[in-house]
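Heads up: the structure comes next, in structure tokens.
Letters A, B, C and D name the chains as they come in the text, with residue numbers starting at 1 for each one.
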């Protein structure tokens, strides 16, 4: 459903009614109510336009909301005409995405990439875009290379994307097209001021993953949280819906030159970081597979992992190094995303500050690509302004004082670290074999062994059967005549974006 | 002068008058006033006793205070008799020291040494021995292996050792025989409770260095701060007096099985830790030389160095590692004492806590012997109880989580760290050569080139000419007939203490 | 020991505390004066400004040390001591079986948009917490765990359908008092949906509830940081069995 | 901007501060209640006890976050702005030469048992501080640096012998208010030893003096953390030359 809405957004449909229900929702709901979604929305919608039911797409959506439009699934020539018209409209959106990608490339050439690896990634989360903006700018001035605006707790389960500039999120700010635009504009200003291109990140996840990915492409966001299984495991979204949505959203990301961030860190908040270390590796391999399949390239794969081992465990830091090195070596060309301790943070903010320092050190020593900055108040409150400032000071000290330690760090082949890394890899391979060899689902409606593994609680200890979870009602099986020009255009691949690939490919080492 | 008083203390003279002036001071002053100190106090004192001026040493001292004793320098048989009697008395003191050493060996065998290296060294400094005791015990319970009781700011310039239990020091507690005894007894209790022998440290420095060393031996202190040049540089004590006093005090330490801690860290509080790195090495070599010369063995040489490089300097942590490794390799058998950042600590206690964490890490990675625990409030106040607790938590985390990193730490021969270490060593050798080749003093009253170097401000940027500084009036040139049985007994070497040497030698790696 | 105590830095009675905060002022002498004024208002005297750092042009971060003049009066500290006896799993099962004579039904959920299930799972799932098994492990307790982001109407409906004896709700997100809003909405809904006196026992938990605010929130009890499943099970027995029996005995006596 | 501000956590006006302290109590519920009581007395409401840790059997360490109800009133902040113009070394030399017509004599020392000379050396020695050369570098200033642990009588005597225009004293150790005791003893001794009105300018410095306490200590001025030699030199010119000239001009006029 959200794929179809995303398609309409590409075709230029935006805005919402006075109750803030977006027009794309009205239109898709109306189509669905009359003719179902099996053929996609493009055929019925552009057929209705051809038939003169309304003059513009926008007016069609408005009228459809009041029930005054009649939809049909066109056939034959009518279908061809509708498909062609839809394709023309959607192509405009894709061209905007291409243009934004070119703008990004130009700005990076002008302002430059961060001087150091890992890139420094910082979260803002006031709930109010107007407070977020100055906080983000302040963070960039203090050294952040990437700003992520966390979303309000409720958003991922909304089956629509809110509209306009918003000021009332809980523990995060709504992801809206306008908020994206405002923040990107503010950071463009700051990039100019600092002579360093500041990247912007948001979340393409939840029930509106495809639409948000689309808006991110249109508004030139630079990275997006986007995991193939996060919604299933941590938001109890239906697995089928999630796999459908993540495919489309990743195609958009591929086209937009956006780096995705996957969410393996989350597993370690519910499962133990030592026992479940291999599930992180398995999930990284799955995320890589689904990403490549959707057209993403290595430099766009911000595969996630995290510093979540119980710090009271003997040799905990060396275990972290082992896990971090394993990921580094398995995915040498991906800008891995290294996540800070959260589960074992406590109200002892001094201890937390130290732990974050060792997290930073592990990130530097093992050459991670993106470092999400840890906050000493992790277990207390959403970060204070001063937490962020102190945290960046921590990162700066560690990278500058000890970043060069990579030169001196050579874990011996039969030493503790390499032995541990091999053990985790072995477990991962074994788990993948078990999943692949699982024949229980054969012949059932859901024969895929991965779905069975998810249902069994393999990842993050969450059991998610394929028939349960939110949003299943929004999924339908494609009819043979299904048309979606967005997917066609995305699959035919981008044109003229090779330049940017090389630029960023290089900087991503 | 203090050497003579120390000798009397060995002979059993203790206590003070009602104005708290110790009897040893009265007696030495009286002898000096009548016959001078060129022959030592032993001859005149035991001659007076032989002559029946008083019945006991104590009564002699009391009477001498009121001026009612006549002293002479005996000659011939009288001299031999006096010397023999003095020797017998002094030997009793030395036997007490030997006994205390044996007790220490036994307690270490019973309770055990710390489980990890480095040993964890913690300071208490309330000014009140009665508050110090519970704080020290609490610190030991939280993991401290060594407790140091810092002295009151004024004490090093007092030309006498205060008496009794004291409760009114400034930023430290007076070093007195009774305070030593009380604290050692309390820690013996705690050692039993914890099954780990807790060592006690104090300061053999200042104008009473020899006496305090003696009291430490008598009361079974385990380590003593004792530097061959600290008093000269940082307390403006006369260089000649210092060199005389440090020799005697080190002989006592050698006999008592006490580990000395030298004070190279102090240079880096006044000079820059990068520019002056080689002066630390030079001073370590000098301290080693003077220590060996006085009979100390490798396992007793807690040579000092410190983590004092400006943390804003790029690669500052790796520079620290280079310096720490250099010391470790130059003195492989000495239990090096690794001192925390102080100069670059600020009121930002969070930053300070992190810096202390990296200090701990450097200590662990380079295998230091004794780690003085850094305090986040270094730039603010004398440590709070909670600072100490947090600091120990910091040490525990770093040692447990990352202590094993030594296995993975192999700075390449031509890499940053080894290159830096070689450069510092080269500078040190060059400076030693310059000092040795200095001929300016030749023929003067102070021909020693080391004295000239000290006068030039080579160490810690402090200029200290041999004729200036406090306490010169307490030094006199020995007459040919000078007798000091303490020195004779100490030079003839210890008997039956080989066992303890091996025990501790092993544990000191 | 005296009933009046003061914070302890390194000497008895020195009153030393450490404070840090940000003021929305550019870093200058006036901002430092403002920080000291705040410290004084907090009762610190003398107050020592030991660190001040500009965070951008509009904010300054401060660290202040000082001695607070306040005395803590231990006589005025009211401690919520555990008001129920701690039982083993065996005892809990026995009490339910013998005295309730049916399984005790517990419905659990994270409500609102809160998706933090680790806390409630720690209480409910077999796996448990801090070495104690969760309520699912208790033979005589039937657990219905609805998971995260449950809407209040759905919770009420399910509680009725399952004939819940107790409803256990978790709230971890507290920004803008989300936990307070969600909890009061929840308790109001239960009171509306059930006849008076028949509302199931309402229990909330989470790391940041204010102690003693149960009645203000309209619930029967709050559990905080570090709660163990055994505590919750023991409380349920006490509240649903022991105290009700006592109540009805008293009723009978007074009748 | 309004004259009333509150601390800023992550939203304007939220009033959030962080506090840590130790209470001399064993860690139990009562101690936690006591910690919250203290936080309330400091004006934190709500106060969130986020960390409590036993330190041995008799002490507990706490971290508390919360919102303070106090308002900072910027109108009541009194700022000690620099009351003299900042001069270059050249200007200082010129002023001394032209208007004093002899070298300005400064005697410096750490008094009492304080041996922290880095601070006073930073002001006096050529090497200086923060990139500025020290007073020894000024051609028209004669510096006598007595070093550390100088006794007050010795300092007074030397100041008289050198005919000091100004005496510069450093105090770094502040435990048990050592700096306050030493400074007041010093200023009293000078007042006793000199005829009224002829006491040299008394200047103290160190990182932990309370601003505004100069007159209570009996000295002319206090310099704190981060003082640079140039500031001190400029102050000396202002106090010893500019203001005295102004004073005598005024005298002449009124005569």
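Keep this in mind: a contact is a pair of C-beta atoms (placed from the backbone, for glycine too) under 8 Å apart; a residue touches a chain by one contact, two chains touch by 3 or more.
For reference, the UniProt names are C, D = D-lysine 5,6-aminomutase beta subunit.
Nothing here was measured: the structure is a model prediction, and the numbers come from that model.
Looking at chain B and chain C, the chains in contact with each of them are A, D.
More inter-chain C-beta contacts link the pair A-C than the other of A-C and A-D.
Taking the CA centroid of chain A as reference, the farthest chain centroid is that of B.
Averaged C-alpha coordinates put the centre of chain B at 34 Å from the centre of chain D.
Our note on geometry: chain A versus chain D, Cα centroid distance of 53 Å, whole angstroms.
For the pair chain A and chain B, the distance between mean C-alpha positions equals 61 Å.
With touch defined as above, residues shared between interfaces to two or more other chains in chain D number as follows: 8-9, 12, 16, 18, 20-22, 48, 53, 59. Multi-chain contact residues of chain B, defined as those touching 2 or more other chains: 348-349, 379, 381-382, 384-385, 390.
If touching chains are joined by edges, the resulting network of the protein chains shown connects every chain directly with every other. On chain B, the positions that touch chain D within their shared complex are 127, 134, 137-138, 141-142, 152-154, 157, 170-171, 234-236, 269-270, 379, 381-382, 384-386, 389-390.
Of all residues in chain B, those touching chain A in their complex are 311-318, 321, 348-351, 353-355, 357-358, 361, 376, 390, 393-394, 397-398, 400-402, 404-405, 407-412, 415-417. Only residues 20-22, 53, 55-56, 58-59, 61, 112-115, 117-118, 147-149, 173-176, 178, 207 of chain D touch chain B when the two sit together in their complex.
The residues of chain D lying in touch with chain C in their complex are 5, 7-9, 12, 16-25, 29-30, 33-34, 37-38, 41-43, 46, 48, 59, 68, 70, 72-74, 76-81, 208, 210. Those residues of chain A that touch chain D in the complex are listed here as 125-126, 128, 131, 135, 346-349, 377, 379-385.
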